[in-house]
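For reference, the structure discussed in these notes is given below.
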Amino acid sequence: MSEPRRSIDLNADLGEGFGAYRAGDDAGLLRVVTSANVACGFHAGDPLVMRRTVADAAAHGVAVGAHPGYPDLLGFGRRDLAASADEVTAYVVYQIGALSAFCAAAGTRLRYVKAHGALYNRAARDASVADAVAQGVHLADPSLVLLGLAGSELVRAGRAAGLRVAAEAFVDRAYLPSGDLVPRSEPGATLHDAAQVAARAVRMAREGTVEAIDGTVLHVSPDSLCAHGDNPDALAIVRAVREALEAAGIAVAPFA
Amino acid sequence: MSEPRRSIDLNADLGEGFGAYRAGDDAGLLRVVTSANVACGFHAGDPLVMRRTVADAAAHGVAVGAHPGYPDLLGFGRRDLAASADEVTAYVVYQIGALSAFCAAAGTRLRYVKAHGALYNRAARDASVADAVAQGVHLADPSLVLLGLAGSELVRAGRAAGLRVAAEAFVDRAYLPSGDLVPRSEPGATLHDAAQVAARAVRMAREGTVEAIDGTVLHVSPDSLCAHGDNPDALAIVRAVREALEAAGIAVAPFA
Amino acid sequence: MSEPRRSIDLNADLGEGFGAYRAGDDAGLLRVVTSANVACGFHAGDPLVMRRTVADAAAHGVAVGAHPGYPDLLGFGRRDLAASADEVTAYVVYQIGALSAFCAAAGTRLRYVKAHGALYNRAARDASVADAVAQGVHLADPSLVLLGLAGSELVRAGRAAGLRVAAEAFVDRAYLPSGDLVPRSEPGATLHDAAQVAARAVRMAREGTVEAIDGTVLHVSPDSLCAHGDNPDALAIVRAVREALEAAGIAVAPFA
Amino acid sequence: MSEPRRSIDLNADLGEGFGAYRAGDDAGLLRVVTSANVACGFHAGDPLVMRRTVADAAAHGVAVGAHPGYPDLLGFGRRDLAASADEVTAYVVYQIGALSAFCAAAGTRLRYVKAHGALYNRAARDASVADAVAQGVHLADPSLVLLGLAGSELVRAGRAAGLRVAAEAFVDRAYLPSGDLVPRSEPGATLHDAAQVAARAVRMAREGTVEAIDGTVLHVSPDSLCAHGDNPDALAIVRAVREALEAAGIAVAPFA
């Protein structure tokens, strides 16, 4: 898919509060993104937050995706956990179901699933976890789209499971030459310069490529661009990305 | 509904394990009951247990109900919690959704909802909590049946919300003259004599009545009879109930 | 104790973050308060947050108190929970122990205990819960001071258990004529005007009194004044309180 | 330490219930073992269970040890979790503190610390996690003994941190030639034949050796023998071990 895209999706993580804790500028992000990855209560989110987030997304015409993670609120789902394939599948089914019910309550429906954090990273590289995630999505609802890292095991597993898949690239994360993301624990993992990030986004959408930290050109051909909602300047970055895409003649619209 | 019933449902709580912890003889109960109240991960149950329990229920032709409780695993959902009406509604939607996805995964569908423990007891007496539960069920899926204590606020709230409702009576719990259950913290709250329990069950089904602890005759007219799965002699009691009902010419069949 | 005080303690809730979630301006508060009520992991706080908070408090010469709450992170410990007296005692022992170990790790020691949220409110009014809290403190370490609402059941229970007790008043919370706090769910429960709050604080320290919402003059005679760390203007309010006290010739110093 | 021992300690995991869930035959084990590894609420155990278990152990003259694990009740602490060294240290401090307070409440004191499950296994092999555990123990209370797998990184780390250490061997777990335990996920990981286990125990105590699954003779020289409390025949095995040791002239007594 190397021809220039006419439109691309823009997704971000939303609904990451929990109880009295707030996280992210959901109201701001919902005005800019076209797809919302909504936390499902395992690594973040709670039933009240989920209900409100889904209702707000629906009101803004933003596509709702489930964002299942490991059951590790304390670690925000960012710590690898040696869960078995059966456990991963069951965790994915559970979280999809919970979020689906809030979609029904809001008069909308769940469109896609994107794994979170350590589960996302493991499913990108580890075929058995990728298959476990894909199986969970398929069991819960085979009409859902599986959104995964471009070129990852998860995208492969989704296709193998008979799911529709969408590939994404990260506008504000550095890439290893392997196509994996630079781990958050390493310096330079996250990009904070809005102009730089916006330029990467346009290149990703137009050329389907991104430069890894060593200069390697990676072919990512994304259907969706992800910007993180959890860093302080997130909203400014996402806005810059959207403006740059539109200025380059690329419409921003949901993939699902 | 004072004429004798030709058939009645028999329900029990199942899927109450968590992680390494086991609870109840689910395999045994699934051979006797016609409806399974499946814990949804808040007061008991976990994704693996839910998946297995729903699959086993489906395999035995047992109707699956969601058994949402307060988010209090430590207290097994038996401690009253001052959750707001909005919180209760969101907890109910979440748990119904999670269990529904396991029903879809097992090729079956969720039939009904029965609140658990302290949420059940509060929804039986407290109109605002009853309305909150009923609203949660309706938001998640208005085709679900709401199963509640005969004569309770919850049954009223379910009807008011436009839900189909089913009333239940407890074969192995003592009743107060008010129609409420004797709290578990009081002596005599639970009945352990299988013959006595079976005789109560037949009377409930045939005459629609039960005697409270002071001898008051309560009109309960149940659509379903509940026997608890969490005491050691649970299975023997449920078997005795089913045999006595059938011996009295009353078929045991799902209400839903 | 109606004579004017020469010094008074100023306490606030600290260490209320959890995992990736932040809460309150701990660094700012530690420069102003003399006692820190540190969350212990049940309603807020986690081991990393506790370790850092205790170390920071010790570095600032702020007295460390344990701030045990109900096991309800989702509700931030603000929802009443029907825990038994034995459960409450065990929860208090557990949380005191956990925080004590971080005090040992930081080369300091735990000075006092103040219950949090719904547990605080219940222990203020309900003699059996008050006794359960006091017993927990005594079992864990009888040398600890129990800090409770002036005039409350908890203060009584602490004395009855043989503990040293300290009474506190709330500078930024409205009082009912009964001496209880206006519940947070009601309008006007929290005061946000720094000048007004500072004036109340001086009157509390100097005259030992506060006006309830209906104008009733309550005699509170506090050993400590509490300002909440969890509202946005908390730091400004606490600073104003400290400045007003010092301007009035009342030293701010730990009670313990 | 190759000369025959006159006495050896016998330890088992206790207090692994949670809320309504029961686990293990604690009452039986307390009559046979000399040291009790008591769960601290992260992977198992809760405040009520901890209080009761510590009191019962004290009443039987059994030495109390803290048994800290990963914060993973759902996985019973048996799943590896990519926690940072700082997190591990803080988790260990927290859990030691909590259990210490119950020891104080029971009029006894905490003697030792033994990591649980996946944390135990990782600390046996991974120097940085071993150091993190040892540092946690030292920070909480440098007088505690650190009990670890004979020959492991954890024993080394404990010595390096200036702690007293005790080495243990597992009577009912198979060994790899490396000295690590055969993972529970593999067949033959756990031994169930009481006579075989008892014979291994006597050899461990008398000769300081055990045969790995391939026949390699491992020198383990344990100060303590561990038998698991969580399998159905645990009690029979532990009894057989104790009887065999005593019949061989080896006293069973706490190491601490």
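In this document, chain identifiers A, B, C and D correspond to the written order of the chains, with residue numbering beginning at 1 in each.
Methods note: a contact is a pair of C-beta atoms (placed from the backbone, for glycine too) under 8 Å apart; a residue touches a chain by one contact, two chains touch by 3 or more.
Small disclaimer: the values here were computed from a predicted structure and weren't measured.
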{"item": "A-B or B-D - the one linked by more C-beta pairs in contact", "value": "A-B"}
{"item": "Chain A-chain B separation of Cα centroids, rounded to whole Å", "value": "39"}
{"item": "Where chain A and chain D are represented by their mean Cα positions, the distance between them in whole Å", "value": "42"}
{"item": "Residues within chain A bordering two or more other chains", "value": "46, 74-75, 87"}
{"item": "Category of the chain touch graph - line, ring, star, complete, other", "value": "complete"}
{"item": "Residue ranges of chain D in contact with chain C within the complex", "value": "41, 46-48, 50-51, 86-87, 89-91, 93-102, 104-105, 139-141"}
{"item": "Touching residues (chain side chain A, partner chain D) in the complex", "value": "71-72, 74-75, 79-83, 87, 118"}
{"item": "In the complex with chain B, residue positions of chain D that touch it", "value": "18-23, 44, 46, 73-76, 78, 230"}
